[in-house]
Amino acid sequence: MHFGSVFPPMPTPFTNGEVDPSAIRFNVERWMRAGLGGVVALGTNGESALLDEDESDRVIAAARDAIPSDRLLIAGTGRESTRATIAAAKRAAAHGADAVLVRTPSFFKSLCTPALFTRYYTAVADASPVPVLLYHFPAAMGVTLLPETVAQLGEHPNIAGMKESSTDAAQLAAFVDATGPTFSVIVGTGAVLYAGLCLGAVGGILAVAAVMPELCVRLLAAVSAGQHEEARQLQKRIAPIGRMVTSGYGVPGLKAALDLAGFKGGEPRAPLASATREAQDQIRAELARVAEVV
Amino acid sequence: MHFGSVFPPMPTPFTNGEVDPSAIRFNVERWMRAGLGGVVALGTNGESALLDEDESDRVIAAARDAIPSDRLLIAGTGRESTRATIAAAKRAAAHGADAVLVRTPSFFKSLCTPALFTRYYTAVADASPVPVLLYHFPAAMGVTLLPETVAQLGEHPNIAGMKESSTDAAQLAAFVDATGPTFSVIVGTGAVLYAGLCLGAVGGILAVAAVMPELCVRLLAAVSAGQHEEARQLQKRIAPIGRMVTSGYGVPGLKAALDLAGFKGGEPRAPLASATREAQDQIRAELARVAEVV
Amino acid sequence: MHFGSVFPPMPTPFTNGEVDPSAIRFNVERWMRAGLGGVVALGTNGESALLDEDESDRVIAAARDAIPSDRLLIAGTGRESTRATIAAAKRAAAHGADAVLVRTPSFFKSLCTPALFTRYYTAVADASPVPVLLYHFPAAMGVTLLPETVAQLGEHPNIAGMKESSTDAAQLAAFVDATGPTFSVIVGTGAVLYAGLCLGAVGGILAVAAVMPELCVRLLAAVSAGQHEEARQLQKRIAPIGRMVTSGYGVPGLKAALDLAGFKGGEPRAPLASATREAQDQIRAELARVAEVV
Amino acid sequence: MHFGSVFPPMPTPFTNGEVDPSAIRFNVERWMRAGLGGVVALGTNGESALLDEDESDRVIAAARDAIPSDRLLIAGTGRESTRATIAAAKRAAAHGADAVLVRTPSFFKSLCTPALFTRYYTAVADASPVPVLLYHFPAAMGVTLLPETVAQLGEHPNIAGMKESSTDAAQLAAFVDATGPTFSVIVGTGAVLYAGLCLGAVGGILAVAAVMPELCVRLLAAVSAGQHEEARQLQKRIAPIGRMVTSGYGVPGLKAALDLAGFKGGEPRAPLASATREAQDQIRAELARVAEVV
């Protein structure tokens, strides 16, 4: 399985408050035409924390409908308990996921030791019908994986790689250096796509790729071709929107940006609220600025 | 409804990995004989993050069975989405809960503004069949309620109070000072029970109360009677065990302490693991030390 | 030496940018008339971080001039190096300090282990001509003393106590419980004066005491007399100003409050700037509100 | 002035507890032979926080003695007060510094706003006889510069660039993108040298460059020549020692590594202590491992 592409962590569109499968298909088809390597469903940006188990299944099924079999559907299936995570991984595979992306447990922070992570991910990987990607997002989860832990987990035949969502280049390099060539480190945020690829990451799962997929695909191609100056210029272009749809305005900002870019974004689920008018104006202005530069 | 008592946030006992209602009843009956004001089910220490919705219902029902109608069953029903929280509150009430304890949403940390909390808690309180207690646990959740927000929420007729689980006495005092006499601030951790009561808290929801309920009840009575020196000595006695079963060894430590004190503790659910032998030895030694002093 | 009083951590007044000894004497005389137990010079609020060594000596000498011999002059003498701290302690004693308040070193945070603190404070206490008070201010310094370390240091015959400047009541209680009756724990911030005294602290070094000394002295007396309801009401009255002159507006806020209360505050030294007009208005309004309640 | 080189932030050697100018000259001469672009004196690693003003002057003078006039002597002169920083910059220039490196003030953390930083650095740059480099080290100082603030300060004719000592690639890129081509962003830690250069940094001030200067110089040359694979391999080689002499074992580790590599390291000043035997063994083993790979 090849993770050397760019994937959008797709938001979940709602119509009248309910998951809208047709909007999912609309978005996914368009992303596929833009050359993305597949889609991540039910990540942080998919508001997976706000969906129940049945809704999660419907999201995966709808995404699968629109993804060709030669592209990847990666499904977020992390839960706090080992058994719920395994159950979610099995259901995701049954609904067509090619791989599962499993965030670190984090509720009992002081108990989240290297031993706990090893235990948890080993049990999940043992039971999952499809390959497992670790999902490391210390700023959001408040817990940290060590390079040694990742190196050890990387030996498991059913653990294929990790999404690293911090912007810490030393940490990302440590994960690459600690693991072997068959373990895929995937950049988890647009702000460090170019830096991460330089350091040995193979691809990206990036909110900004949902909004401007072509630029992200070109950046990956430029690094592959050794065109570093081109890559750096592309990085500079995607950075401001990348910030707005993540640390800046979060999921509401990402959904607003999708609407402005012709995708189906819509409202987030309560207690989240839509992006403010001011946020929308900033996103619109920045999208216009980027478009002009092209 | 009167929250001026001590309540244990009960752990959820498992037998062969499944919720054990008879063990719940055993523990609850013993706590009731010790003079506690009721029980909190499905709090942080109840491993609620590791239970599914059906299991949650069974825990509430089992606890209710063993709690006299003149004592309180408070059920933890916080979820990340407003609608899941409301659904959980309705089910909890249907299974016999007298009040619900609703932790702050926290997954989308940068979006957890005062406005989000106001929106969320207002919607939940509007819909809940039973009174709502806010649950503020900044160290675990990574988000913070402001006194102004709590003051505003305290005006809602169906918001009865809050559990404050930090050890910050300035913050606890600010919550008491910002709210009126009908709003109950409840100390959320044994380490600051005495200090919190001095500052105007009315009671406590304390892990240590599950292990040594009598001492906690005596401490509350001493403060009520103005016997501050007695209260301070009791505080000093409960503090070490209080630390061990919370910040020290967490839920596994609490379950080990229960087993050592004659309750039904048992193993936590994976990925949590039982307390180490060393932790158990420390807890046993401290329990013996406290018993001698009595 | 008796630390069972309230002490103001006096700001350093400047005239035309230079230390103004006459303004120091003016303030100190007024504080002494208000019944305070002495003065702390060169603490955090004294802008000691912005003074050179000669200026520090002049501040101590000026304060000593105005403090009767039966009240205490405590001088802040913490530096990053052991030898500079010792030199400062000797100079402070030579200029009339009765005790020195020594903040934790903090520049090399990752090296600030319990062993380093033990080494540092032992060397300082061995060499200081006057008793040493530890100064623990984790929020400002980014380093933490453990109760075990404080207990060990408390055995040193020349270490008399500590100023605990966090608002964490569990931590303050742990320091009291870990040390003996000859070790004085002193509350370091007005927000938790009452709670700290309940838990066994003997006095307070409080910015708010510089502005409203009488109320702080009354609060200490009330606790000593067992009048807890009175103490709690006083705590509630000093809390808002206490917040404004510390976490709210910092040293500039404290200096503005002094000016408004008839003391000599004046401008802080660059790069600090005077409190904004808005901050001054809030402080003025709150001072008026407190005065009315009296 | 050209900062497109690698500079070691030189430790300050002590003999019998006093600054040793001959050891400084020994080290500097050897670094110059290794092709480094000059030296940074009195940085964090120079234990500047533990030196008095006279000692600081002697360190600068000794370094200048051994640095050819066509290489740069950069001196750390940040103090908490604006006036002490200006005085230090003037003295450094008088003793031969070509530029000054000025860390952010940080003692009054809550007052360290963008406005304070702008005020402070503008005043310092107005008065300094030599160009000023901003020094941003959020992990150590606990305060953060915003890209907007740096962009504004970069307009000052006497502010030449900045040392960015975090490992956050998004932040480093934001500083590069926010400033013009005449503003030099300098990587502040070996862990992200390669990533930083990819993103537009022009050089590095790196503890690891004091120990293995040749590898760092080669890495910079490789990036300049577009040899990215070579640069990445070099990055991988310097990373482990880089970690050990910074976040791993700090200044004591750096001094131990210098001794092992044939430089004059020696003991740090109290309260710092020499690296433990275990730390020394790890550093020795890693140095041997790197040497073999060459």
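In order of appearance the chains are A, B, C and D, and numbering begins at 1 in each one.
In the analysis below, contacts are C-beta pairs under 8 Å (C-beta built on N, C-alpha and C of every residue); 3 or more make two chains touch, one makes a residue touch a chain.
Everything numeric here is computed off the predicted structure, so don't read it as measured data.
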Strictly by the touch rule at the top, which chains does chain B share as contacts with chain C?
none
Given chain A and chain B, the chains that contact each of them
none
Pick same or different for copies chain C and chain D, depending on whether their interface residues overlap by over half.
same
Per the centroid of Cα atoms for each chain, what is the distance between chain C and chain D, given in Å?
35
Counting in whole Å, what is the centre-to-centre distance of chain B and chain D, each centre being its mean C-alpha position?
50
Of all residues in chain A, which are in touch with two or more distinct other chains?
none
With touch defined as at the start, can you tell me which chain C residues reach chain D in the complex?
17, 44, 49-52, 80-84, 105, 107-111, 115-117, 119-120, 123, 140, 142, 247, 250-252, 269-273
Interfacial residue positions of chain A with respect to chain D in the complex
167-174, 177, 189, 191-192, 194-196, 198-200, 226, 228, 232, 235-236, 239, 243
